[in-house]
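One chain, chain A, appears in both complexes that follow, with chain B as partner in the first and chain C in the second.
Our next item is the complex of A and B:
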């Protein structure tokens, strides 16, 4: 209960401040929050959610999942192999340094403007934090743990699945968390360039047709979406890494 | 049979070289229990890692049952000195002990029995579902021992396995090691800092010199094979043997000081 209050406290205060400060606003571009909320209900009907939000979310999930799988698989391969790592790492840093939105027009050239393009954009942006964190996590596995596995004949898939991946999992989770916020940004951006549906597309449409309260309501929805997804992520992480948080608490106490 | 011949290990990191082992030769017969003592930093852990196939020697070789060791040999179990780091914190105590057994393709029922017996033997029945980091240091060390015991190895290497347990538990574990050794006819190489422990446990005690490390001395412990904490330790022969080992270790340490002074001048 207390924790819920902590999580929701600041957002509630901020919203209240926005509400009060914008109450008498005459500005066309910054309408009162009451107007925006009013249009929220009208704009985001079930119908709209089905045609615009669901396709966005599906692309997000597909891109994110793909990036996670590719990032972990390639990251493990690189992390376990010192020679591969030495040759590949500079190249990775180079690709990572490219802001993914820049690539949207390029990707559009060969992937068209359909779902494929948008998913590729998300994958391209998300894969780097997952990959680099996985490399780092796998590389940093305690040598005594590896030696223990070797001494007891824990080899092949069992060593990977029962020792290396779990040992690297806290770092992999950190990469996945970074990737999640990137995924949401890219979901929107990929829809701003060329699309016929989606949350980003709708917001841009509102903006171009000067439906300002509606535009703001879309932005709020986006914020809520991001908040909800990161909450889900935190829950899943807390469950999967229960051992890690317990271990850290135990170490801090001693 | 375990044969270590002219074993040499030099650690190289950049321009720095550390000669951990200079020239070690000794054997441990099949089914024998040998204790190894030596000053801190003389390379005991290094030696054990070479025997376990985790470290490649710079010179010489290790043979186990006639075959040269080039990777971890099957049927070998090791209790690491860094017991806390050698347990997997994402697994319960039960899973930690069971994982190596799964790799040995032991049936489920048999695994269950082995895990239970091993945890029971080290006095940890009832902690199966705890995580290692929820246990005290001494308990963690016993989990590591249980894992080695449940594995039913033919060769058992133990690197100061009782360092973190209290005196009473230590005495119990010493008796456990001897009982297991007698029951399973396993070859045991046991490293310890504790001279009394070495004499109490071993059939033989091998003493290492300080760095540069060679075998300083070796004695056969001619005490009766049924030993118990009270009578064995009160045996005059026990006192004689431990005095001998103690003197050798002191000599080894003086060697260290002399060597150190020589190197710095």
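Our next item is the complex of A and C:
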């Protein structure tokens, strides 16, 4: 009971405060929350969700999944080879340091402004944190474990799948979490640049036509989307890394 | 040493790909042309103005975000009731992508520095806040109770027990926030058109100055690397007394 009050208390208070304070608002930019909520229902109908939100999400998922696969595959390859790692590490650090949104104009040159461009932008932005974290994770695998596996003649795919990847997975998960927020940012940015549908496009359209309540409803929807995706990720991570969190707790207690 | 080979390899690769006709050189100009464009740009006042604008937005935003993050983090983290009451709100607000605020920033501030600051502060604040909260939670209860037994006041406990414990976390937060702040500063300039490197990139793109665009992008990357290195060096110097840094020095 007390926990529920703690979880819900402040959000309810903030929401109520926003509602009440904005109730009689005459300000053009900050309309009453009741108006925003009303336009939320009107704007984000099932039809709209189908034409704008679903394409955005599909591009997000496609780009993110591709980046995860490429990042882990290349990261393992680099992480296992000391010489390759020392050679390419500065290059990778440089690519990671480039703010991902500036890749949008570059990739527009190559891939035009279609779905392909948006997916490539997401892949290009997300791949670095996954890749670098995988390299770190693979590098930090306990050498006793690897030697033991070698001594038992566990080699090739079995060693990769049963020793190296599980040991590196907490690090990889950390990289995937960073990549998720980058993916959402790039999804929105690429649509703000050049698109005919999608969430980012629609919100900028509202802003340019001064449809303020609709714009606010779009911002709220984006916020909910970000929150929902990170919640999903946490659940998935909690399941996949249950053994790891259990191990950590046990170590902390002892 | 090997790293230099890697970087040289990248430069040679970018030179050869368009020269051999594998990539259209209208899309990816060879390194030499990018370098020439960069050389021309380095002597113009506009370029340094743009770099200055970007760094200004980055620095002001970062300072505000760090100050706010540390104050709010310590206040919330040190009081258990506040901590419990705000946890869900923080978890909800943190993943909201800062780019969602772009339309709002445009309406409120147009293409001024204010737009950049709004996005930078919003994105960087959470990085600092969350780290400070972790840091405050890490305080050794025995140290805290000892301080209480010696009748340390609230302020003295914050200063002598809480702050030294939280400091390494604060630095981690600042380091993360510094790179996020650069990303958001450049993004705001690119998308909104606030003055700075991002805007120069957008202008180069629309006017078809492809080598210049690549040169400017490389500059943003170098800025990012420089900020990363500087943050690490600063952390090392200031935390030289701390176990996490001392432990790394080979005995």
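Heads up, the rule we're going with is that the second predicted complex is superposed on the first by the 240 of 254 C-alpha atoms of A that agree within 3 Å, B and C clash if a C-alpha of one lies under 4 Å from a C-alpha of the other, contacts with A are read in each partner's own complex, and residues count from 1 in each chain.
Operating definition for what follows: a contact is a pair of C-beta atoms (placed from the backbone, for glycine too) under 8 Å apart; a residue touches a chain by one contact, two chains touch by 3 or more.
For clarity, every value in this text was computed on a predicted model and none was experimentally measured.
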First (chain B), second (chain C), both or neither touched by A:211: neither
First, second, both or neither for A:66, with chain B first and chain C second: neither
Partner chain(s) touched by A:7 [first = chain B, second = chain C, both, neither]: second
Touching partner for A:147 - first (chain B), second (chain C), both, neither: first
Chain B or chain C, by number of chain A residues touched: C
First, second, both or neither for A:246, with chain B first and chain C second: first
Residues of chain A at both interfaces, chain B in one complex, chain C in the other: none
Complex interface listing, chain C residues touching chain A: 2-7, 9-10, 26-28, 84-89, 92, 94-104, 106-108, 179, 182-183, 186-187, 190-191, 198, 201-202, 205, 210, 213-214, 216-218, 220-225, 227-228
Chain B - residues contacting chain A, complex: 49, 52-54, 71-72, 74, 76-78, 80, 82, 85-86, 88-91, 99-100, 102-104, 131, 133-134, 147, 151
Residues of chain A that touch chain B when the two form their complex: 142, 144-145, 147-148, 150-155, 158, 162-163, 166-167, 169, 243-244, 246-247, 250-251
Interfacial residue positions of chain A with respect to chain C in the complex: 6-11, 14, 29, 83, 86-91, 93-106, 108-110, 181, 184-185, 188-189, 192-193, 200, 203-204, 206-207, 212, 215, 218-219, 222-223, 226-227, 229-230
